[in-house]
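Mind looking over this structure? Questions follow.
Chains here go by letter, A, B, C and D, matching the order in which they are written, and residues are numbered from 1 within each.
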Amino acid sequence: MKSAGCITLIGLFLAANVFAAPIDAPATPPPDLPLPQNLIAKDKPGDSGGAVVLRWTDPASLPAGAEIEVLRAEPPANEWQPLDKVPAGTGTYTDTSAKDGTAYRYGVRTSLAAADSAGAVSVAASTSAPVVSEPVSSHDNWFKIERTNSFVASILFVIIILGSIQVARSGKEIFIRRIPGLNAIDEAIGRATEVGKKVMYIPGIQSMDEIQTVASVAILGNVARSTARYGTDLDVPNKDPLTFASAREVVRSAYLAEGRPDLFREEMVNYVTYDQFAFTAAVSARMTREKPAAIFLIGYFFAESLILAETGQSTGAIQIAGQADPTQLPFFVATCDYTLIGEELYAASAYLTREPVLLGSIRGQDIAKGILILIAIIGVVLVSIHVLDLSPFLRTQ
Amino acid sequence: MTFNLGPVVLVLLFAVVPIIGIFLGLNSPGLRSRIPIWVAVFAGLIPILAMYIPKGFLSGQTGMSQRMDDWLIILAGFALLLGIVNVLQNNFKKVARRDSGWFYSVVLLIGLFVTGGAGIYGAVTKIGIGFNPDGSPTPFKYLTDWFFQPLQSTIFALLAFFMASAAFRAFRARNVEATILLVAAGLVMVGRVPILELLAVPFPSLHASAASASQAMGKLTEWIMDVPNGAAQSGIIIGAALGAASMALRVILGIERGYLGLGKGE
Amino acid sequence: MRRFLERLLGLDRRWIFLFVLLSVAIPIIVPIGLPVTTTESTRKAFDFIEALKPGDTILISFDYGPSSAPENDPMAEAVMRQCALRKIRFIVIALYPLGGLNLANNAVAKVVSEFPDLKDGTDYVNLGYKDGASAVMRRMGDDIAGAFPTDQKGTPLSQIPIMKGIASLRQVQLVFTVATGIIGEWWITQVHPQSGTPVIIGPTAVSAPKYYAFLNSGQLVGMLGGMKGAAEYEKLIRARYPEMARFYTTTHDFTATKGMDGQTVMHLIVLLFILLGNSAFLLSRRGAPR
Amino acid sequence: MTLPPIGVWIAAFLTISALSFLYKDNPFFRFAESLFAGVSLGYYIGITLDQTLVPNLIEPLAHDFGKNWDLVVPGLLGLMLYMRYVPKIGWVSRYALAIYVTYYIGLDFTRRIHGEAMPQVARIIQPVFGPNPLAFVFVIGVLSVLVYFFFSREQGPVTRRISRLGIWFLMISFGAAFGFTVMGRVALLIGRLNFLILDWIYPILGI
């Protein structure tokens, strides 16, 4: 079906080429080099415009070192301008310098570059009149076809999550398994209250453009409600100014929601500095000087993770860490009492609040995970018995 | 001159609508949180649509997505001042109250004013923050090279020490899980560097076998990193990706709005 | 005995710190010269660049800061030297906000001084730093000049010979990102899917494990993992090009190969401490009344 | 004998002061740490002005207002952030924060599905009886870790075993990644000691 269309197209273009008068072609030397054939020029599909794709078939036999020269003629002058040369055997070229809406003609011809003794490339040894395409103009498109797979996956994912949220809203009970790191939050704050020392919460060092920070700030809201309830002091040092702004709103409203606005102080959420290690030095120093009883390291951390966690460990604080990205998890696991691993970070606010909407979306994530596991198992079986390789359908571009 | 639809739509959505929203919000407290969340839905949809719709007004070079990138870099730049204001407030307060350690607040403020001043000077005079026209370093660059960078690298280097102390304390065979952790760490540490060769230095007869054992350990390390470690990493990444995407969806749709200091739900 | 074991288990960590300091400082003063074994991921990176043709172009992105310079610098330098020898052209950019540009400038200056034949604009070009790595990358996928209108010296890209025929990342044969944080990963998850340009990464040792996932899935061509990866690369280069030995045998200049000595001793120290801790732990548990 | 320049002395003093934290908190460290906090913040004032606000906002507005007029809006949004300091209309800052957060979170959404979940699942799909006899270890590893991340189901005897296996894979990964990282961290220390020894002590000793 598709190939039939192709053949028709090629036929059309062949016919067009026969009749297309060479537009102001350069002087024609003896045509000792065979010409490429079946030149087709099309707007590059699925892009934002500005690109035309050329395809052609190389002539059957070409001497070594032969290249295909690509030319372009732009109205109104319609003079051939050389665009580029590609090695024989390429068969395709994308002109990314096209102006949208301009009807270009493209030409290809064989050329043999000869180097003179100095090594500089001299005039092409032989040039013949190019094979010419139909006029073509580039434009922007409505859909990126090569991303169909991730488009479909995204749509399915949205349906699953929103559907599960809907189910949860309708009152269906949703179970959630025990996550020890989250159970420990109240224990840690309780201990801080007993010994009369403060709780330190570090929401990572990334800005609010990172979803782990957003998740961490949501957990901070719950921690702040606990400290408000217990009347324990809270300290939230920040590296990113937007995270700082958000964290302060969150802590303020948590104290308000618990009916303890009197306990909220602006200094609870404070800004330190924008540099990763200056922040680390300042916060580590604060840990050793003020010895908080509980330290939360939840969010997106980088190398500072171990400096902070090991310093905190040496002060004897209960430490609860959490990160979705795997790189710093080894250090948290080695130095903290509890660590939220990967997806547990995102499950935290659902776990702590037990809100149906959040629980519903956790359920949706599990369904999506189940589907992915199923796809993976089916894929592994099919590819192992040499029936079909599903992986290309999942590779994204 | 072509008309660019992208920026115009952006201005409508993220300037005109907010301004109207602010005026409406002055009299109607309910709208103070509702309109920002509606506006945010559009902000969240732009990059998602741009991923799949290559139409110029959306994802072209002057399209909405591209322009948003340009915009938000500026917004983030503005945000820094928010932090600076807080640092100034807190430290001036400490100095004024002569809190314990107020001297160090003075040190901090001097560092801030001198370096910040040099930076502002460079940016305002267009000399820049690198080199003077005659090739000599600007004061800003001098401070960067001899104050800022050495401290940055040294604090980072503390990690070498903390790796060792954390390993000593954490890697003990307390239970099955801890033992697995310990063994994996030990194997990889041996496989990453020519430890066996180092140990064989005093025994010439063992050199060859130490080298081949080291090679084998290298292979094993690579396998551990590749297969079991790669598998666990993949598992974490897939799970976290789903968790993040679901959270992203909740944030974009305004279901999760805690980051604005707003309660859940309406 | 029990008291001793308990003391050992609760050993003041400052003793460990002292051992670490000595184990790293001594090899700097008295180099050992230990052998290095090469790994698959590094060989793949090396072979890929070796297979490029003279006149091909690669993009080298400085996505790290001074903090990880001892690890990352040797990687960038080694690849640039290889390019210089093989007449492969390279475009240098910096996306890391905390001093990536400075490092790029230093590295370019160093390699250019080693290879006086290298001409700015024809053999290499330094486009400088741009803020907002993710956005910059996305734009480079379509239009390099849109992200970097001029090079570091202010010459418009259209006037730079090396950029002729290179409008977007699609015309670049390889992206080599020397990276410390998330920026390196974006080259793999954003740029590679967008433009299809092969990517080699030179991450710090800490993020290297994460990239095995991408290496296996084919999203990455090769990787130089940490100082070890850099030392392996130096070894591969020395083996292929004996004339390069001059950059890797001087005592005062720092090389990854030299750095490996200190690392090896340090690993040994850490392993000994783990062994000590576990022996004490197991012995004390055996002796403890149940 | 030429002594190293003053900058090297400053850097060496600050380096040693920072390292002294390993022994214990002390006035030298506290001095270095406070100075670092101040200088670093000042550094970012310079960087943000010179590399972000001047080239991305001020220059485009000054040179080609017709083409860049819309950049006034992020400036406006930036100002909205500061309304937090005006108690009555503190809520205005929500607009700026909400737009900033959701735009990037939207970007994150696509990155997670398109750039992470799908390619990683594609990776699992490999022949387990093929040329690589241990490929099944990989497949089992990913799947068992994923089973560990199931939250909304009570674990039965089978899933409990699978998720325990998942934890073992996680532990191998964490241990291996820890061991793998030691090198990089030593590299940093080497960098600092290189500076102290090669740039500071050797010149003083005239070596």
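Quick note on the criterion: contacts are C-beta pairs under 8 Å (C-beta built on N, C-alpha and C of every residue); 3 or more make two chains touch, one makes a residue touch a chain.
None of the values given here were measured: they were computed from a predicted structure.
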> Expressed in steps between touching chains, what is the minimal separation of subunit B and subunit D?
Replying inline: 1
> Any idea whether A-B or A-C has more C-beta pairs in contact?
Replying inline: A-B
>> Using Cα averages as centroids, what's the distance between subunit A and subunit D in whole Å?
In response: 16
> Which integer distance in Å separates the CA centroid of subunit A from that of subunit C?
Replying inline: 23
> Taking each chain's centre as the mean of its CA atoms, how far is subunit B from subunit C in angstrom?
Replying inline: 20
> Which residues does subunit D have that touch at least 2 chains other than itself?
Replying inline: 18, 21-22, 30, 32-34, 36-41, 43-44, 47, 52, 56, 81, 84, 97, 100-101, 103-105, 107-110, 112-117, 119-124, 139, 142-143, 146, 149, 170, 173-178, 180-183, 185-186, 188-189, 191
>> Residues touching two or more other chains, restricted to subunit C: which are they?
In response: 13, 17, 20-21, 24, 67-69, 98, 131, 134, 142, 193, 206, 208-210, 213, 216, 228, 263, 266-267, 270
> Residues of subunit B touching 2+ other chains?
Replying inline: 48, 51, 61, 70, 72-73, 76, 79-84, 87, 144, 148-149, 151-153, 155-156, 158-161, 163, 165, 167, 169, 171, 181-182, 185-186, 189, 192-193, 225, 229-230, 232-240, 242, 244-245, 248-249, 251, 259-260
> Taking chains as nodes and touches as edges, what kind of graph is this: line, ring, star, complete or other?
Replying inline: complete
> Along subunit B, where are the residues that touch subunit C in the complex?
Replying inline: 61, 66, 69-70, 73, 144, 149, 152-153, 156, 160-161, 163-165, 167-169, 171-174, 182, 185-186, 189-190, 192-195, 197-199, 211, 214-215, 218, 222, 225-226, 229-230, 233-234, 237
> Tell me, which parts of subunit D touch subunit B in their complex?
Replying inline: 7-8, 10-12, 14-15, 18-19, 21-22, 30-50, 52-54, 56-57, 70-71, 73-82, 84-85, 89, 91-92, 94-110, 112-114, 116-117, 120-121, 123-124, 134, 137-146, 148-149, 166-183, 185-186, 188-189, 191-192, 195
>> Per the contact definition, I'd like the list of subunit A residues that touch subunit D in the complex.
In response: 147, 149-150, 153-154, 157, 174-177, 179, 208-211, 214, 242, 245-246, 248, 272-275, 277-279, 281-282, 284-285, 288-289, 326-327, 329-331, 333-334, 341-344, 347, 351, 359, 362-363, 365-366, 369-370, 372-373, 375-377, 379-380, 383-384, 386, 389-392, 394-396
>> Under the definition above, what is the set of subunit C residues touching subunit B in their complex?
In response: 11, 13, 16-17, 19-21, 24, 32, 34-37, 39-41, 65-69, 98-99, 131-132, 134-135, 138-139, 142-143, 146, 208-210, 212-213, 215-216, 228, 260, 263-271, 273-274, 276-278, 281-282
> Considering the complex alone, what residue numbers of subunit D touch subunit A?
Replying inline: 18, 21, 25, 29-30, 32-34, 36-41, 43-44, 81, 84, 93, 97, 100-101, 103-105, 107-110, 112-115, 117-119, 121-130, 139, 142-143, 146-147, 149-155, 170, 173-175, 177-178, 181
